[in-house]
Each structure stands twice: as structure tokens, then as C-alpha cells.
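Listed below are the structures to be examined.
In the two assemblies presented below, chain A is common to both, partnered first by chain B and then by chain C.
Here is the complex of A and B:
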């Protein structure tokens, strides 16, 4: 390779692109993969360690997604256009959101042509939001966005919610301007008073107005570099945020309907009344007023009771009893030959340089199992399969 | 027609106004305009602003100086200004009246135009609302007022807030002219949006528009002149009497005022831009003191651009002030003292920041300061077991000794491996056949028998009507359940009313529906069972609440009597007894 002498007087931008390839090194067998995996490993682990435990979280969330459909979304720096790329990412986000936050509600607002419009009300049902996103793929993007109008629309419905819920707004903003009818500061005051947390994910550059809004309301502001990064930034909002200090903690009345009712009477379901549902007994009956619903979780339209099933609530247990981090030890120090999770034989080399040991059950896991257990499964197979440990609660 | 009932403040009074050849005076008050003849004390003419469609003035050349008010029903009133001091005074008075009248008319029009039209519009927009209306109001289940207050109120809330539109920074540039190749004519496409942006940015132009259109010139002429004026082109003929020359003078005055305020701000270092204090002149070629190099034309362009940007920003803050005014006016509707061009009360937005605060602001960079960690509330879990296991008896079962466990496990292994099924001994024949019969009967009857052939559906019309009944019943039940728990007296009253409404609905709609279903469609009477059950549950809840409430009431009476007796007795012992019994209740 021809080495270029670096002229010390050159500025960074004069010397050309950042030579990221120099960070990669070949190992003895000439393969690049180990160094790449090492970089990914380090990044992932760092992220996991940042998350703290024992913080009170706002699990009942009401989130409004404000999507910018202005002219700036027609740019093609994200393939095929920012518009289509964002909508695809949001499709996955909505499904994941309802999966991981079963008692939360999502709504969608768009802003274009200096106006803002609410396309989908706050609801538990992901299908409605997914239909909305599909319709948006055909909408043309034009005009200028208006931050103030969008915030006003979100405010008008978020402010009537009970105080124990966590109210959030996530803005996906691609434009560099905002054309507002008045002063954004006034709307920002109202948002702050109502305890709403606004976060922004930018696609273009950092704006002072967005920085102000997120700083005042306690949200996060980040700009995406490419489409993978955008997906990562949006997925950060799947986790419930820490509860604000002003949030009330009250007891909430929740109904747990049974699916099998011996003496149920055939009825029309309340969720599909507009399209003439069938008269039958399939569905869940509200325990308070016996209105029928096809799908849970739902909010009873007649008596206002929240209806969930026990597995839905149990999904939020992982926030109450998070899985502790495993301790990282070099392979040489551990006596185990196989990973307890996937039975992989540990090879001394770059990939298995470190193995992970659970502090309770002392079982050893490989790197991939560690990430999988902490991100998706949220419980340790070693602890669960150990009869003594699973009976007595561990001291956390 | 007299104004004796209400004391309305007279905002403007003009003498020497003739109506139908009689001398008199013209009065303008908050809500109407009136004319009174001399030596009379009743108003011959009294017109509300809402009834006025437009006002017209007589053209310049005519000898008489007149003002005509045209109402919605085509009738009109013509007033002749005949001040003895001469024609100029007459014209001045007439213009004054016209301006004021125009203002008051727009002010009054801000109120909701026509409630009936709006209601009709809402019903047209939402079919669901229409169905509810038809189901509930004509049958006198719910009164009209209640319908509009409760149900339509909820619907309106779900529609969202009324939004205003901001002025885009490039709105004039977006009016792309198209050249017609042949004649060299340029065509501008104007939309109402652009027009409203222009009005918001330049209030002077809005005034001119009000004055000139439609009396003196048509819309297209007005806008043509606008685009030829200094707002859009650089070359203006200041010699010709132009519609917008007044506007340009007004704009220049504003500009000089703004420049002065900016220049006088000690915190700005503007030596490179402004060379000296600007002279307050009216000629529009003075640039306001900016150094613009040698080319005066460039300086003019720069000044025009700056003016436009400043006006756009002012339009934003002005609308904010207007909103504040509206809020204040909404809070005191009888105040009536807030006029459109009055001084708004100073608010927090207006207070100029003190010099010290501004210097401090400039010195603080939050990147350089220590990052403060926000306090996050910690999660403490008490009684961890309750989360992991269901509510069980508190006793920990006697745990077996590990040896015992091992022995038991061995025994279990052995017995499982040795087990042989002995079918004849599991159950005797009679009970087995009985069980079989029982199961097959239940299967045949099934849970989903609706009174329709199994697998079939309800006939179409019946199904649709059933759906409608469900939605209207659901709506009423929703209002009923929203009253619980009834803490305030209004909620209690509403609860009583909703209960009556539900009973009425049951009688009026549900019973006939059931009968119709049986007679016309030959269905099993069980299709409305579920709905009747919902009503029944609501009724039970109401009865329970009533019983509990009256019990409290009765208890309160009894205790009141006892306490009164204790008072008469004046013995502390009695009082102690009563307070004790209160707590036991």
C-alpha cells in the first residue's frame, strides 16, 4: 500500500475522508470478521451497561407520534426517500411498541403545509395505526411543517388524561424550518405545565428550537446518520422512560375478563359496531358492564374500565425485576467448556475471549447468549432451572 | 327599537346627518347603529351589526356625501352627511363613520355566526352523530339541549383544536409569475392563502383593501397595482398618485422606528452596519442610514427584504397578542371595553429583559457547565412475593426434608413404571352412559344458539337495526357510567337524569324492537338478552348507590338527633358516646 505522508499543516477536512478502514486489523488467519465482531460487541455491551436498574418507570404510556410530512421528506439521502424509509421503520416500531408495552396507547399526527392533522387517535389497537401508516405512504409530502400546530393538536388530547400516566410525544423531524402562526414558546409553556415529555429524532441537522423543546420537557434529541442509525434511535423509545417526579402514583381499577363464560349471552362486540359484527359469544365480556370486545387489551367504551389479561401485565415485570448484568471474565479463568445457554463449545480466540457468568447461579454463557438473554428473554435459564434458586426469591 | 332597556355606551356620535330628508344624529354603539331625529328621543332607525351585509359610500364626484348601509334582506338605509362647515368636514365625518362601522361590524362578526348552521353542518359531517340524533331526540328519550350539550360536545372535542396558519418566509417569492410569450404580459396566480399572508404581514395593505375594494376598483385591479408597487418591484414611480404610496410611507415610518430601537440597544455592536443616526424623513429613497456600499439600488433592495422579514415576524407576535386579547375578552364578556386597536395589557412576553439578565444569558454556555443529573425517583418494591406468586395463604408449606424428597421421588419412579391401565375398574357402566348422555345433550344445545339456524346469520335489516340499537344504547350507557363515582351534586343530578333516560329508552326502543323481532322476523326472543342484561346491571348499580346514599342520609339524621339531645342534656358523657358510635358505623 502506498502510504501518503500526512502533511501536518493540513486541516482535517483537507486530508480527505476519515480513514475508518485503518481501525480494522486482520488477525493471524487473515480474517477480518473477529475485529468487526469485537467492535459490535463492545458497542452493544456499553449500551446495556448504561441502563440502570431500580428506577421508577412510567409504564402506562400515552405516546403521540408526530411525523413531519413536509417537502424535506422528499430528499433521497435515505433510500429510496426519507419518507418511505421512515414509514417502513415506523411500521416495525408500532408492532414492537404494542408488543412490549401492552398497556400503553399510541396515536399518530402528521404535519405538512403549515397545518397539523391527527390521523389516528390514541388507542391500544395496532391494526388501526398500521393501516394509517399504509395510507401515508401514498400521501405526497409538500409544504412546510409547523411545530406549534402539531404540538397544539397533541396537547388538546393529552391534557385530558389522568395524571398517573406517562404522556409523551415523539417528533420525527426532517425539515430545517418551522412555520408557526404564533410563538412556539407559549405552546412550550403549556406543554411543560401538563407534564408532557417531548423527544425529537432529527433526520437533517440539529435545530435550536428542537433542542430547547426537548431540554425544557426532559426528553431526548438525537440526529440520525443513516437508516440503521435511525432505526436504532427510534427503537430507543420502545423502553419506558423514567417517571417524572411530578407523576402521581395511584391505584388504578383494572378488569380481567375471562374468555370462557359458561352462561354468556350472544352479543355484538363494541369495537366493531360500525361494520356490523356477528352476533355470537366469542370475545371478552367486561366484568363491570358486560359489553363485549374481540381483542384485549382494550378500554371499555361503555364504563371506561381498562381491560387487560394477566399475561399482558406480566410483560411489564421485566422492568420491576430486571435481569442483573453478568460479570465478564476471561475465558481462561472459567472452568466451563460449553455455554450453558446454547451448548456452544468455547474456542479460545477473538470471538470467545470473554465469557459471562451469572452471579446467582454461576453458570457461564457466551456473548450471543448474554445479549439475547438481556435484550429479549429477561430471565436467566441457569437460575430458572436450578430448583433451589427458583423457589426462594433472590435478594436483589 | 329603543335603547332604553340596556345602557349601551355610545362610541361615536355624528350630528348633522340626514335621513329621509330629516335632520338628526347618527350614533354608533357596541352592537348597533342608530339614527335619531333632532328634538326626538327615540331612535327612528336602529340596526344591529349582525344584520348589516355591507356599507357603501357615494363616489367622489357626487355633490351629496352619503353613506348607505345594506342589510342581509336587501333593504337599505341611506344617510346624508350635511355638516354646515363644508364639504371636507362632511367627507371627513363620513369616512370616520365608515371606518368605525367597519371595525365594529367585523368585531361583532367574530361571534359564532349561526348556531343552527353549525349544528346542521356537524350532523352532515358525521353519520354516526346523525343516527344517534334520530334515535334519541324524536322519540323524546333525550331532550334536544341535552343532546347538543353532552353527545355533540364530546364529538366536537374529539375533532381537535382550531388551528391557525403561519406566514411562510417565502410567500411572496412563491407567487411565481408566468410569462405569456406573445404579449409580454405576466400572469400571477393568486390564491386566498397568499392573500391572507399578505394581509397578515402588511396590515396597511389590509386597510387599503378594505377601503378600495369593491367600491373603487375590482380585486384584480387592486392586486395588479400591488404587484406593481414597491412591495414587489424595485422601480416605483413616486410621482404618480399610487394606491400604495401611503402604505410605503407608513412602512418607512415603522422601519425607522424599528431601526432606532435596534440601534439604541447597547448590547449590539452595529458600527459596521449603521453609520449614523437615521433621519426621520418621509421620502422613501433614504435608506435609514445603513451602509450599503456605493450602489443605492442594492441598499434599497436590502432594506426592502429586511422590512419584509421584520413584518413577517411581527405578524407572528401580533397574532399571539390577539389570541391573548381573545382569551381575556372571553373571560369577561360583559366588559366590552376591549376594542380591536386598544392597547393590550402587557404580558410576560412583552417585558423587555433587563440588561443584566441579557448579559448573563450571553455568558452562560450549557456545554461548559457541569451536567446536572436529573433526579429520577427510585423504585422500591415492598413485598416482593406478592408480585411473583398470586395471593395465597400466608403459610409456607412445611417443606419436606431433602431425604424424604429423594425417597418419594424413587417411589414415584417405581409406581409409574409399574402402572398398568385397568379400564373395567375405572368407572361403572351406568354412570358412564349417564355422563355420555349429558355431554351430548349439552353439545347439541350448544352455546351459540341464537334462535337462528346454527351457522346462519341474522337477516340483513334486522342486523343493521340491531347494530344501531347497540350504538345508541351504548352511548347512553357510557354517559351513565361516566357519572360514577358521583362526588359532586351536579354528577348526582346527572346520574338521576341518565337513569330516567335509560328507563325511557328501555320502554320506548327496546321493547318494541324485541316484539318486532319476534313478529316480523320470527326470531328467538333471545337476541336482545345481552342488551337487557347490560341495562339490568346499570339499574342494579344505580339502586345500590341510591340505597347506600339514603342509608348515609338516614344515619346522619339519627346522629343529628342524638347530638341535639346531648346538647340539651349538656353532659359531656353523652357527646362522647355519640362520637364513639359514629366511628363504629
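Here is the complex of A and C:
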């Protein structure tokens, strides 16, 4: 049902693909696949380019997912149903969200039968949300959703957060109506005052009320065409949004817990108290109160300290110091015979029409390496292999 | 998994400090090359890449690209082993000759790992129709680290974790927390030996089995990994610190402004995010 996002066939909606047949070329073995893949890669690169400017970001995010579980989710335009398909996408989203935003928190709210319910509170523990998503697969979708009620529920929890956090709401909405107890405008006003950014991903058609909400709060609004597109739209919210001007900056106290050491006594972990875990010595100890956790990041339940490891913080550095873009140059103009990274020998003509040169270390990379470095690695191996450049992050 | 073969990317540190004791360099390189050969010989489908790093550069020793490889192979296996030896020796020699004595800083291991990852990534995309490539990286390191490449290392570790590639680390000399983190994050194995003469034996005992097979072996339990962060102000490791909410710089004590991103902190409110300590 849901495939990897680089499945070539699924990208029809991408603009700029008109007359795609003219660009298609067979490779040596007569396959069309590589050139289709190449077009997708180009679209990817364009997208990465847009992201360049390093504005201030709301790194510390608090996001509420509002999921429409009304009757409209039973439609089968997404396979097997909108309900199951969306939950599957959210499952991936949650994992990836916590991976890319280790010091951020997520919460889940659903709306059906004209009511809204909070299913999982804001937390940085992905497992809790994943369990919640799993339970929702068995929940019947019924009645009408209520945007206003759902926004109020999210608002009641987000408004108390400290002012240096980025407060966000992501609504996934399938219905074409919303059954609200009062004027949505009043709630919207409160949302706006509290500096919350609301984005909506629609499954059906554009709604005026959603357009209004997103416009007023600085969020984004998009309508999905199919399952792949839906995944793409939801995944766009993995990246932290630009920081709002009203956001404060402060110092946040964090703890870097120790892993087990030999003289530790077997203890219960605080994160799985409910499941009666076995006593053991493995885990991470809060440096302030020595409560034990089996996984990080976590927020200490005893003393409230945010517990992270240095790599967790480093994981977020890539949003702040993105790797500078390489310049695209025609192969003929470059002296390099092969890719500095993967050692692929450049072939004049078809595949390697353009090569990519780092503006700091001047090493030349092939197309695939360029994408992989900017999408996943976020640091340049050429700069890292240079005695002077390696000591300063290549990104700044 | 065994029959499918495995791509081993060796990252070898050839820091000039090797040359300080005569016999050392020889024993060290011999051990690395022998291990590469053992890897190739143990399964016909196994493949190899060797990248060397010193304080000046990183370089692919094998497969070599500086010379045409048109020595025709007659009977496969042994010829290939010979080719590996030739290629590694030739490249190493030119790398050592090339060295213009600058300041002797740390070896550029993170650059070599980065290139190794790209090499693995390419093998994976090219072999997409056949099978998943089982790849792992083995870092053999002798020189010490100053932490200057921190971000590069971490970025490599997280990418390796993402593409499911383990980074094994074998240190000769003293422990290195940063590389230990790498092995821990990517599911590789970390070991530190003190004598160069133990190297070959250790490589064979600890690092020859692929990651899946290792689970069946009774290897020593991993030691606790130190995941503390170094503060930006004094570069000392801290248990608890203050983090800038804008750029995540770590400070060991409260500061009025962030020296990395120049934001001024609101001091009129409590400094802690979850300030409501339950007392």
C-alpha cells in the first residue's frame, strides 16, 4: 500500500513533469527506469535547495496531531480505507519525528461524534504514541468531527508551555463539514494570541474554514491526491518550522545521564513502571535524582529534568547548520575523473551530465552522493578530509 | 547471510606517529592487509574497500583508481588477493611519500568514514536488483583524537545507523570515547588493545564474523558508553548543563547570552523549562 517515497511511478502530480516522455532515455541495457529515477532526484534536489536559508528555527517543538476519526475516514479512496492508510503513515511519521526532533514533544487528539478527545499527552516518548496509534486502528470512525472542540483541547494544553517553545498543531482532516458548538472565529483568535501555528492536511477537498485557520496562524494547508502524496505532505512537518518572532530564548537545563556502571544496584526503570519490569542495572541514570530510564531522550518523572545524550543534541544541529549546497557544474568543466565519495567514474554523456562541487573543499561528487550528503549525512567528507577545514564544521 | 557475502570497508589510520618505532608500522600494516585478505578469502562473494587516513588526507587504497587495473585475471581468487596487496602497497607508499611535514594533528578518520558510507551507498543502489548489500565499516586507529571533528563523526554515525551499517572500531593504544559512541550507536563492536602485536589476532577473533553471526558468539559485554556532552565554553564534559533554546549550544553554567548564535536570554523568568520542581 505505502511504498518508499522514491517509487518513480507515483510522482505524477509533481509539476514540471509535463512532456516527461521527451526527457526519457533508455540506458545501455534498454531500461527506462534510471532516467525516471533521475527526474525524481532532480525534483528532490530542487526541494533541498529551497531549504537552504538558515533562519532561526523552532527547534524545541510541541506538536499536537489532531486526527479526524469521523465517518469520512471510512471512505476507500485510500487503500484499504482512509483510516488505516492514514494511521500507517502516522506510524512512520511518529518514529521519524522523534528521530529528527529529539528534544521535541508530540501529542495526539482525535475528533469524532462532534467531540474531541486527547489520546496521548505531549511527550517525547515515541512508544506511547505508537501504542496509541495501534489502538486507533480498532476504533470505529463515526459521526462528524468538531474542529473547534479539537482546537480547544489542544489549546488548553499548549497555552501553558514556556515561551521559548514552538507550539504547533497539525490537523489531518477528512470530513467536509465540522460540527462546532460556537463560533470557530473565537477559538481561532485565542489560538493566534497564544502563538500557535496550525497546519492542515486535507484528505478530500479544500475547506474555507481550514484555509482561514492556516492563513491566520502562519501554517500550511494542503490537500492530498493519493496515499504517496499524503505521506509526503505529512512528512513535510518533520522539519522544524521557522521560529515565530514572538518566541523567547532561554537556557534550558538538561541532564546527560550515565549509562550503567558496575556498582549500580538493580532498580526499576521509571518509564515502564506500569508493566512491572524486571530489576536490572541496565539503563541511564538521571544525574540529578538517579531515577533510571531504559531509553533516552526522556523527561525525568521525578525531578523534571530533560535527559538527553550528546548525540541527541547533535542530531538537531543539522537543522541549524545545514550543509551548504554544492554548485552544479557540467562534467566537461570539471577536472575530476571520478566521484570523491563513492569512487564512481564519471561517464561523459547520459548519466553524469552534471557533477557537484563543494564550495569549501572543491571536491567533486556525483549526483547520488550529492543528494545523500544533503539529505542524510549533513557533512561533507571532502571537507572532513582536509586538515584545515575538518576542524571547523563544513556547514558554517 | 554468510553465502550472500559482505562488503567490508576498512578505514585505516596511518598517522605519522606509526613511524616512531620502526617495527610498529610494519606489524600494523601487515595485520591490516592480512585481515583484508582473510576477509576476501573466506567467502567468494565478499568484497572489500580500504581507505587510509592520515593527518593530511584520506585516500582509497583499494579499489585503487590511480592506475588502470587491466592486469588480466586468470584464476580468480589468488590473483585478486595479489591485486589487493599491490594496490594497497602502491597507494600507501605514495601517501607516505607525499606527506609534507606540517603540524601533526589528528588523523582525518571522519572524512574516511564519510567516503566509506558513500561507497557503500553506491554499492547498494547499484545492486538493488539482486540483493541487499551487507556492509560494515571497520576503523583501525592508532592516533589520539582532539574532538575537533565531533560534528562530522556524529553525522556519520547517524547516517550509518540510518542505512543499517555497523561501524566496528579497533583502537591500538588508548581508549577513545567518541569512536566508542560510534560503535554503540551503529551496533558495531568496540575494542581497545594496547600492543600492536595483538592487532591481527584481535581482528580475527573479534571482527571477522559479520554482525549477525556475532550474536551467536560469546563476545565480551560492551562497556558503558560515556554520552556526556562537552560544554562550549570550557570543552569539559558535564553531567548537567544549560542548553540554548535557539541553537542548542551547551553551557556548563548560566550565561546571559549565547556566544554561538548571539541571542540574549530572558533572565527575568526561571531558567528551567520545566521549572516546577516537585519539592
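Descriptive notes on the structure:
The working rule: the second predicted complex is superposed on the first by the 341 of 396 C-alpha atoms of A that agree within 3 Å, B and C clash if a C-alpha of one lies under 4 Å from a C-alpha of the other, contacts with A are read in each partner's own complex, and residues count from 1 in each chain.
The rule we apply is simple: contacts are C-beta pairs under 8 Å (C-beta built on N, C-alpha and C of every residue); 3 or more make two chains touch, one makes a residue touch a chain.
This one's a predicted model, so the numbers in the text were calculated from it and none came from an experiment.
Once chain A of one complex is fitted onto chain A of the other, the partner contacts of A:385 are limited to chain C, with no touch recorded for chain B. Contact with both chain B and chain C is seen for A:320 once the two complexes are overlaid on the shared chain.
Of the two partner chains placed around the shared chain by superposition, chain B and chain C are both touched by A:304. Contacts of A:222 after superposition: neither chain B nor chain C is touched. Annotation for chain A, partner touching more residues between chain B and chain C: C.
After overlaying the two complexes on the shared chain, residue contacts for A:243 are found with chain B and with chain C alike.
Of the two partner chains placed by superposition, only chain C is touched by A:372; chain B is not.
Of the two partner chains placed by superposition, only chain C is touched by A:257; chain B is not. Note: residues 56, 243, 288, 302-304, 317, 320-321, 393 of chain A belong to the chain B contact set and to the chain C contact set alike, using the contact criterion stated above. Note for the complex: chain A touches chain B at residues 54-57, 114-116, 118, 121, 144, 146, 148-149, 152-153, 156-157, 177, 179-183, 185-186, 218, 242-243, 245, 264-268, 270, 273-274, 276-281, 288-292, 301-304, 317, 320-321, 393, 396. Across the complex, chain C meets chain A through its residues 53, 55-58, 60, 63, 65, 102, 105, 108, 110-115, 117-119, 121-122, 125, 148-152, 154-159, 162-163, 181, 185, 224-230, 238-248, 250-251, 254-255, 258, 261, 263-266, 269, 271-278.
Across the complex, chain A is touched by residues 128, 158, 160-161, 163-169, 316-317, 319-320, 323, 349, 374-381, 384-385, 387-388, 447-448, 450, 457-458, 463-464, 466-467, 470-471, 474, 477-478, 481-482, 526-527, 529-531, 533-534, 537-538 of chain B. On the side of chain A, the complex with chain C involves touching residues 56, 59-60, 103, 162-165, 243, 248-261, 287-288, 299, 302-306, 309-311, 313-318, 320-321, 337-345, 365, 368-369, 372-373, 376-387, 390-391, 393-395.
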